[in-house]
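Once you scroll down, you'll see the structures, which are given as structure tokens.
Next come two complexes, and both contain subunit A; in the first it sits with subunit B, in the second with subunit C.
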Partner chain A sequence: MKKIIKITISVFFIFILVVFYLSLNRSSNYDTENLVGIKLSKIKLESFESNKYFTNENLKKNNYTLINFWASWCAPCRIEHPLLMQLSKEANLKILGVNFKDKKNNALNFLNNLGNPYHYLAKDDQGKQSIGFGIYGIPESILINKDFVVIKKFIGPLNLEDFDEIKKITNSL
Partner chain B sequence: MLSNIGNFLLFLNVLLSILIIYNSYNCLKTSNNLIFRKIYKLSLFQSTSILICFFTLISAYLISDFSLINVYQNSHSLKPIFYKISGTWGNHEGSLLLWAIILTIFSFLFLIFNNKHPKNYRLYTLIIQNLLIIGFLFFILFNSNPFSVISPVPNEGLGLNPILQDPALAIHPPLLYLGFVGSSIYFSAAMASMISNYNDKPFAQSIKSWVLISWVFQTLGILVGSIWAYYELGWGGFWFWDPVENASLLPWFAMTALLHSLLVLEKRKAFYFWTIILCLLTFTLSVTGTFLVRSGILNSVHTFANDPSRGIYILIFLSIMISASVYLLFAKYKPERNYISSNSKETFVLINNWFMMFYLLTVMLGTLYPIFTDALLKSKISVGPPFYNSVIIPVVAVFLIFMAVGPQAKWIKNKFTNLKQLLAILIGALIINFLIFYLLKSYSIISNLIIISSLFLIISSLIDLFKKTETNFPRILSHLSFGFLIFFIGLNHNFSIEKDFNLKLGETKIIDNYKFVLKDLELNNKTNYKAIIGKLQVNNMMTNEERILNPEIRIYENPQTLTYEASIQTNFFKDHYLTMSNIDRSEYYNIKFQEKPLMIWIWISTIMLSFGGCLSFFRNEKNN
Partner chain C sequence: MKFKIILIILLVNIHSISFTNEIINENKIHKNLRCLVCQGQSISDSNSDFAITLKMVVKDLVEQGKSEQEIYNFLSEKYGDWILYKPKLNKGNFLLWALPYIVLVSGGLIIVFLIRKRTEKS
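And now, the complex of A and B:
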């Protein structure tokens, strides 16, 4: 009996120390990089204009789709916007914009003033759909291929490096 | 230059520790009960040199010597002098140096003040404490050296984090560390006690004062931390069950349990091994807390960087500490045969310990669970206030009743002769509770239970205060203050009012009984930041009270940071708390307004609680 207690206590401490050790090598920040390589087989986003939904059906004909989460109230979204405008001209790439927790009028004004790069425009009023994509701040963009596998995640506004990378990937076809 | 002095002193301290251990080991072999004078001298020299080492770092901050990475990263030549000094321990490396200082000074003080106790016990304590010191000095020297240099020397520092520029926060780490690290000495003493078979009453007496000191500082440290969160962070509360707050609370529970079990060990020679376990547990939890905070595996306001190599080092240290203490405990453990009546003071103390262990386990589970799920299942979760509130609060109600009844029980065998009095107190508590809730019109079963039980404790402590037979004033004061603390927290929690809305300049908003007007916005240039100061007029239309609150948005340059300074007006009855934050690209400001009753009494009760501990310390010193 005494032995069992000793073993239990020792195992308990070893367990805690091992867990501490394991967690040391993990980033404590909420991170969704593990999304890369995962297949998004159940995309369902409400259309911005109508009551319809965008699903995998709508996207399967695209070679590459960039899902971009944005809002009119988000300043960094304005910074990346010109890059999105240029990307929208890429042949192998379609852009799906998800308007995040925004007011419809403000969002429309934003697109009228700065241009509309989105081939598909969806909305997420509550921010709940975006959780499924591992979004925790905007802007964020997810590049997926024909098979809906996530190739790359971009956290924060797209910069020139990201821009070149996206072009390189989509032009490699 | 300063870097060389600092490094030299750190190495010198390692050497001194080794010498102390070597000499103590030799001294153990002698047959008389005298400790070599050399050991005293070495120990004094060690304390002095580590203090000089710390002053070296402080002077580097004072003269803004940016050739030290630590100063470069955490200071700025324009910082006010007070914050230059407090910046010394406001960062990882500096705070570890503070750790080493407290370890060293406590080691010296324990050696000189416990001269009535046998030589072997004191020497073993000294050896173990110095092993801890060496461990920490190595950590400082090879991983977190505050004296590391940078070349070329930068012209200007990167500045102290502005949320750390607060007087409460300047004294928060030293206070908390005195508690945290102070517990090292009874960790060492407990180990020494097992090795040298020095136990029961004399052992209890040798550590009691140290437990009290660390308990008082731990309590004050937690208090000041929560004052900082309330006034500076602008979260509108004083306790958030943030993992790092929890890390400071865990050793506090263990210490509080230890404080009580020592009474039994002293009076009745019972619970020896349990007391030893609590001694070991307290310091282990302190180091675990340091590990959690410093390794950056917790996400919290306290973690500014994530550096696994620091974590590895503390983890190795922790593992050695735990294995050594568990091994020794297994080797020395003998079941105790004490007859303890189920109705006696001993049992009540034991009940206190059960409650403390319950709180400790609950808070530990809530703190570690997210780490476990993340490491093992790779899922991110966080445990929030609802978990702690629903598990802990109902139990507190029962705990308070025991706190009122327990101290009146007699040692060995108790008889409740004052049942009528207890009943009268209970009825009194019920009536006051009824009046409070009837007049203020709010109802929740849990709040009522908390208020009733805290009133029960308050009234019975007050009665004790006027009894001629009862002489333990410090105990009464601490229990009374704890009763008040819970009472005020209960009322504050229940009757707080919170409003959240957006307002632009010149606009008026009416919510329930309150009218808010944003009268003016003023831009102010201060030495190290710019401030936008709002002038908000708040009218309570029921009572016709009118007040002006001036929340600030501060823009700091180095590093560029925005902070929101709450405007808080405190009086004896309630606090008015208002924060203002800008909304991106909008002329509106987000306003959070809170009316929090009796806030100041929460601080006062906690100060009285630790004051009780302080008095108990002096009483204990006088009696021995």
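And now, the complex of A and C:
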């Protein structure tokens, strides 16, 4: 009996050590790995300039759509902007910009000064619509295909590596 | 014996029986939602921009008549199970849910075994 108790206690301690080892080595940061492959079947975003809405109907003709969440008050958005300007010239890609919790005048000034890379421009004054896209800060970008399936999600400003990856994916058609 | 079993089942389930038609408590939902931009805080404890927006979305969903579980499903679909402090049972967290019961049953068996052995000796 004593032997069984010893073995049980040893197994229990080994189990705890394994759990600690695995947990401490695991990143506790939020990642979007499990969001890739999900279909965005109910896209509905209010247009920046009118009371209309952009829905899946508007985007279904695009081979790829990059949904970019941005604001004029967001400094990292300025950093990624030149890359968006270059991506806007890609043949298989359309960019849907979502102006996030911003003032209309400031957003327009931002686009006038830095250029407008967006084929579609939407707004999310309160940030509530962005929750439907799993956004928790800006800038964030979501690359979807013709079937509205998430190919990749980019948290933070797009960098050169992301830029090349987007180009590679969209040119693979 | 049957009466005792029924009584135990009733006592164990009394909570769920009494609150079946409970009005959805937004604060309870807030406490189960992780603030993704904070360090170890639920959105109930946080006043961050993200937490405030998420509270507004929860309010909207409750007003639309969504159940607590539907709200969790909606948000875990968008952010993954990481957003829930109490995630659903799945392959990845099966052990986490089952371990307390396994330990409880094993402990009980060991105690029964020891008591039997002692009575046999005496």
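FYI, the second predicted complex is superposed on the first by the 140 of 173 C-alpha atoms of A that agree within 3 Å, B and C clash if a C-alpha of one lies under 4 Å from a C-alpha of the other, contacts with A are read in each partner's own complex, and residues count from 1 in each chain.
In this text, contacts are C-beta pairs under 8 Å (C-beta built on N, C-alpha and C of every residue); 3 or more make two chains touch, one makes a residue touch a chain.
These numbers come from a predicted model, not from an experiment.
In the superposed model, A:Lys128 lies in contact with subunit C only, and not with subunit B.
Of the two partner chains placed by superposition, only subunit B is touched by A:Ala75; subunit C is not. Shared-chain residue A:Gly137: touches subunit C; no touch with subunit B. When the two structures are aligned on the shared chain, A:Lys60 is found in touch with neither subunit B nor subunit C. Once the two complexes are laid over each other on the shared chain, residue contacts for A:Asn25 go to subunit B alone; subunit C is not touched.
Of the two partner chains placed around the shared chain by superposition, subunit B is the only one that A:Phe13 touches, whereas subunit C remains out of contact. According to the touch criterion, the shared surface of subunit A, contacted by subunit B in one complex and subunit C in the other, consists of residues 30, 34. Across the complex, subunit B meets subunit A through its residues 291, 295-299, 303, 306, 308, 311-312, 315, 318-319, 322-323, 326, 330, 368, 371-372, 374-376, 378, 380, 584-585. Interface residues of subunit C facing subunit A in the complex, by the touch rule stated above, are 36-37, 49-50, 53-54, 56-57, 60, 75, 77-82, 106, 110, 113-114, 117.
Within the complex formed with subunit C, the residues of subunit A that make contact are 1, 5, 8, 30-35, 38, 101, 126-128, 130-134, 136-137. Per the touch definition, subunit A reaches subunit B in the complex via residues 6, 9-10, 13, 16-17, 19-30, 34, 73-75.
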